[in-house]
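Going in written order, the chains are labelled A, B, C and D, and every chain counts its residues from 1.
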Amino acid sequence: MTTEQEALPGPDAAGDDAAIVEEARRWWRTDIIDVRPGEIALRGYPIEQLIGNAGFVDTIWLMVRGELPAPAEAALFEAALVASVDHGPQAPSIAIARMATTCGVPVNGAMASAINVLDDIHGGPGQQCMELYLEIDREVDEPGDLEDAVRTVLARHRAAGVRYIPGFGHRWHPLDPRTPRLLSLVDDAVADGVVEGRFARIGRAVEDEIARGRPKRIPMNVDGVTAVIYCELGLTPELGRGVFILARSVGILAHTVEQMAQGGRIKGPMPKSIGYTYTGPARRSVPGARDERRSSS
Amino acid sequence: MTTEQEALPGPDAAGDDAAIVEEARRWWRTDIIDVRPGEIALRGYPIEQLIGNAGFVDTIWLMVRGELPAPAEAALFEAALVASVDHGPQAPSIAIARMATTCGVPVNGAMASAINVLDDIHGGPGQQCMELYLEIDREVDEPGDLEDAVRTVLARHRAAGVRYIPGFGHRWHPLDPRTPRLLSLVDDAVADGVVEGRFARIGRAVEDEIARGRPKRIPMNVDGVTAVIYCELGLTPELGRGVFILARSVGILAHTVEQMAQGGRIKGPMPKSIGYTYTGPARRSVPGARDERRSSS
Amino acid sequence: MTTEQEALPGPDAAGDDAAIVEEARRWWRTDIIDVRPGEIALRGYPIEQLIGNAGFVDTIWLMVRGELPAPAEAALFEAALVASVDHGPQAPSIAIARMATTCGVPVNGAMASAINVLDDIHGGPGQQCMELYLEIDREVDEPGDLEDAVRTVLARHRAAGVRYIPGFGHRWHPLDPRTPRLLSLVDDAVADGVVEGRFARIGRAVEDEIARGRPKRIPMNVDGVTAVIYCELGLTPELGRGVFILARSVGILAHTVEQMAQGGRIKGPMPKSIGYTYTGPARRSVPGARDERRSSS
Amino acid sequence: MTTEQEALPGPDAAGDDAAIVEEARRWWRTDIIDVRPGEIALRGYPIEQLIGNAGFVDTIWLMVRGELPAPAEAALFEAALVASVDHGPQAPSIAIARMATTCGVPVNGAMASAINVLDDIHGGPGQQCMELYLEIDREVDEPGDLEDAVRTVLARHRAAGVRYIPGFGHRWHPLDPRTPRLLSLVDDAVADGVVEGRFARIGRAVEDEIARGRPKRIPMNVDGVTAVIYCELGLTPELGRGVFILARSVGILAHTVEQMAQGGRIKGPMPKSIGYTYTGPARRSVPGARDERRSSS
């Protein structure tokens, strides 16, 4: 175990001007983009070749993965993006964008305040579900024992105090309308050899395990099924959250622009007629203060 | 008129390594803080001397103004800060902090999403009111004509299409309880020679002018009176917004921490039982799509 | 001219419970999305029909415009999005995302801090260029006088103190490699009757006018040419900024994830060996403070 | 273990209008502030009594703790706030505020982007150090065994893979100049009976334990000593991070305003003469694309 202090290079790690310049040049290093006067290349591809030849979804994939996708991979990825663009103005992220707009914030600021809250609870379940599937996948060591692996991993999470299984059940939908459609696209992609189908099996096995001993099934939701897709396509869990954010940004933008058109100034979460409940101490005096109300002009 | 391209130094502005290092060293320049190994000085004062000797309000003033304040200046400034810490969970900034917290965002993120919306409409009226007072002050050219200057400036704003006079009237309070108390502290400070009183006169003259020909007065609100104080103390309008943000951050933090204690997951702006109103097109089919609901599993 | 106070409904605007519920239900109104148990429709289209049938770019258009685009419109729009995804780690937005990541911020937070700065100067020139083109378009009142309209509008901006013509010239590129490629796609779209070509003519006329009397041309940059495309496609300037943000979010995400993989803790803008320049007052003592350094342990 | 779906009340939890209004009124509940027409009370105290009678630091404490502090408590708290206001433009948070400003972001937005990154690594060590001290405090079960408790807890962290001990060592300072001064104020407060001194002993014992078997001590830094103070004063770790953010906001504001005065447009992390290092693939062609450079106008 160490400390911040020790983790650092000594004070004379960089000696003369040339060494300083060299260190500075390497301070920001990237595999993603090469910009020179009159030239821009993304992952090695000249931008003027990508424009008009590569689609936006292909370019997203290229930027975050390093290579252009096969068309069938891009199509499955695209379906997951389309499914995730919006879930309405009751979602905190969307409500925040709309409220921000009425405070005078421009579109970038409204989007920033909104995207910022797509954190562990609001934007994270897809990522967490990917982590769950990957943990189950590592637990499976031979064909046929998928059911055991699911049971073992869920028990482990339960023992660690986890209260929610990410990716299953939905507070609005008895059956999330996005799930069967996306699952059927995954099944098609498996049939066509585009993806393996390992994570579709894992997702369904988790749903079966949750259902055991319950009166009704708790079906996979949009997080659970996009997690299947992103795992099948080889995205990391962090990227899973990232691409969800890209998709939801579309809804955030649409609501921001709609609220701008509707107008409104300093629009709170609900009408003034409702207000809020004060639950704190009754009125009391500041020690040593006269009754200022009376004494002041 | 020029373009971005011309505004730039030529490509060989920095020649050799020494010149590059010199340019880099001057890239970030500050009058505020000097940090060397084992030493920190703020505006020239060693940090270990400030700690325990200068108050937090003195230090705020030192950091943003460059010098330590006189005690009576600090006291007036402090009263304005205290007055601005909170205005309840109906304000978008506070509601955003609380909603953000239920999305899994830590305290820094909740505060950031909230502070971000203290923009032109929600956090800006104090700044705009300072600009108004300063414009009136520039318009006044001899003693006695304050009333004319106010009339001229308000007419100019009206002609320019301005719809709201910042700093006057309040959507919740017939009389803002912070105003008379703060004004009386300003009057005391004028009596004691701490400040001149020029902006207190301007603020009151604006209130009088607004009242002309109306059945009842539209009194100065907290933005209008803190604008008086900040102008008296010589802050720029931009700093006026900045110190308001520092003050309101206290309320934002308090509400963030309270919401963390209350719990809640993905708490929307209002209960699910209320929902929202959909005003868009009726259900329609995507051209070329089969009825996917039926065909999918 | 009015005040915040008067702009509000009277205190009894909402009377009984039914009226309050009605007001609350209409507090958030949207044309964009209709969510009911088991159903989600975007602009009237069931989500399960959009998934797999509408592309991501079509869905962006649908969300922000209200209708699905024609394929040729979507293709031109898509080219502009692809062109805008990244411009490297020297751009403040990208550098901020990377620095944020090394502070422990998750992907949503890094993206939020970065997107937030795509404001008037960094993300706004495309929007401002659209406003310029639209102003010129309104100025043109008969065929042939485009040149006069451009001269009039630029002179008006110059007179108003505008220093930079948004959309022309580039601090890195003598000729922005994205411009000729995008312009040629616009020309193809004009030839095919997809768009009218009015704004392509305006953009080129602005470039000609800027060149008048200068030794070399200041060519249109990516902001200027995407502004042509977005105007041709009928987007508002605000949406222009919004879709630029969607596109640049792809680069921001890619750099965020790359920095996470590279590691680093609290990575500042440049190496410690460079530091910064302190330009403030020399060391001085806090009045009334003993030399704390000596007196403390 | 459950799911999101089950955690929710049934669809008819709120029945008629009165029940909906009641639910909505209780949606936002707070102990902090009571706002009524013409009245504002913070934790029960009328705002007009707080203004001019309670200091800003008292008010921060009142807002986050619920009661006004004793003067000696406020003084110790204030010293910790003063110590934390800034650490220079090399810190990512400060650099981000300055860069944001040059992108056209107003003061609220620059502060938001900056505060947002005071996350686990950049703003969290104080909080983590408080958690460490509190864990040690729980481990100590009788007088005298502090040393054992420290050893046990540090070993536990080491075994859990923790690499850095928060609060000790500093990447710039061999000895953080804020530490001895703040520690001596804590010692004074212990001598005066203001605080107990339990956490000062714990902090010093951690420093001793880290030193064991090393050639030189790794001294407590500002996070470690403010963690002592905040623990002595009974703040929760989350509040510890929160008040650090309040303090550092002062520096963020000062640097934001200074950068506004300096000007600059789209100022990157370092000068263009330095650039960055591209480490990705060499130039390659987009499959199926002609050489667009050549073919386009």
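Here, a contact is a pair of C-beta atoms (placed from the backbone, for glycine too) under 8 Å apart; a residue touches a chain by one contact, two chains touch by 3 or more.
All values derive from a computational prediction rather than experimental measurement.
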Chain located farthest away, centre of chain D as origin (C-alpha): C
Of A-B and A-C, whichever chain pair has more C-beta contact pairs: A-C
Gap in Å, rounded to a whole number, between the CA centres of chain C and chain A: 21
Distance from chain C to chain B - Cα centre to Cα centre, in angstrom: 24
Whole-Å gap between the CA centroids of chain A and chain B: 31
Shared-contact residues (touching 2 or more other chains) in chain B: 4, 7, 20-21, 24, 27-33, 37, 46, 48, 50-52, 54, 88-90, 95, 105-106, 109, 112-113, 116-120, 123, 171-172, 177, 180-181, 265, 269-270, 272, 274-276, 292-293, 296
Chain contact graph, described as a line, ring, star, complete graph or other shape: complete
Residues of chain D defined as touching chain C within the complex: 11, 17-18, 20-21, 24, 37, 88-93, 95-96, 99-100, 102-106, 109, 112-114, 116-124, 171-172, 177, 180-181, 183-184, 187, 265-270, 272, 274-276, 292-293, 295-297
In the complex with chain B, residue positions of chain C that touch it: 1-8, 21, 24-34, 41, 43-46, 48-54, 66, 68, 105, 109, 112-113, 116, 125, 154, 157-158, 162-165, 168-171, 210, 218, 221, 269-270, 274-289, 291-293, 296
Chain C-touching residues of chain A, taken from the complex the two chains share: 4, 7-8, 13-14, 19-20, 23-24, 27-33, 35, 37-40, 42, 46-48, 50-52, 54-57, 59-60, 63-64, 75, 78-79, 81-83, 85-90, 95, 98, 106-109, 111-113, 115-120, 123, 172-178, 180-182, 185, 236, 238-239, 241-243, 245-247, 249-251, 253-258, 260, 262, 265, 270-271, 273-274
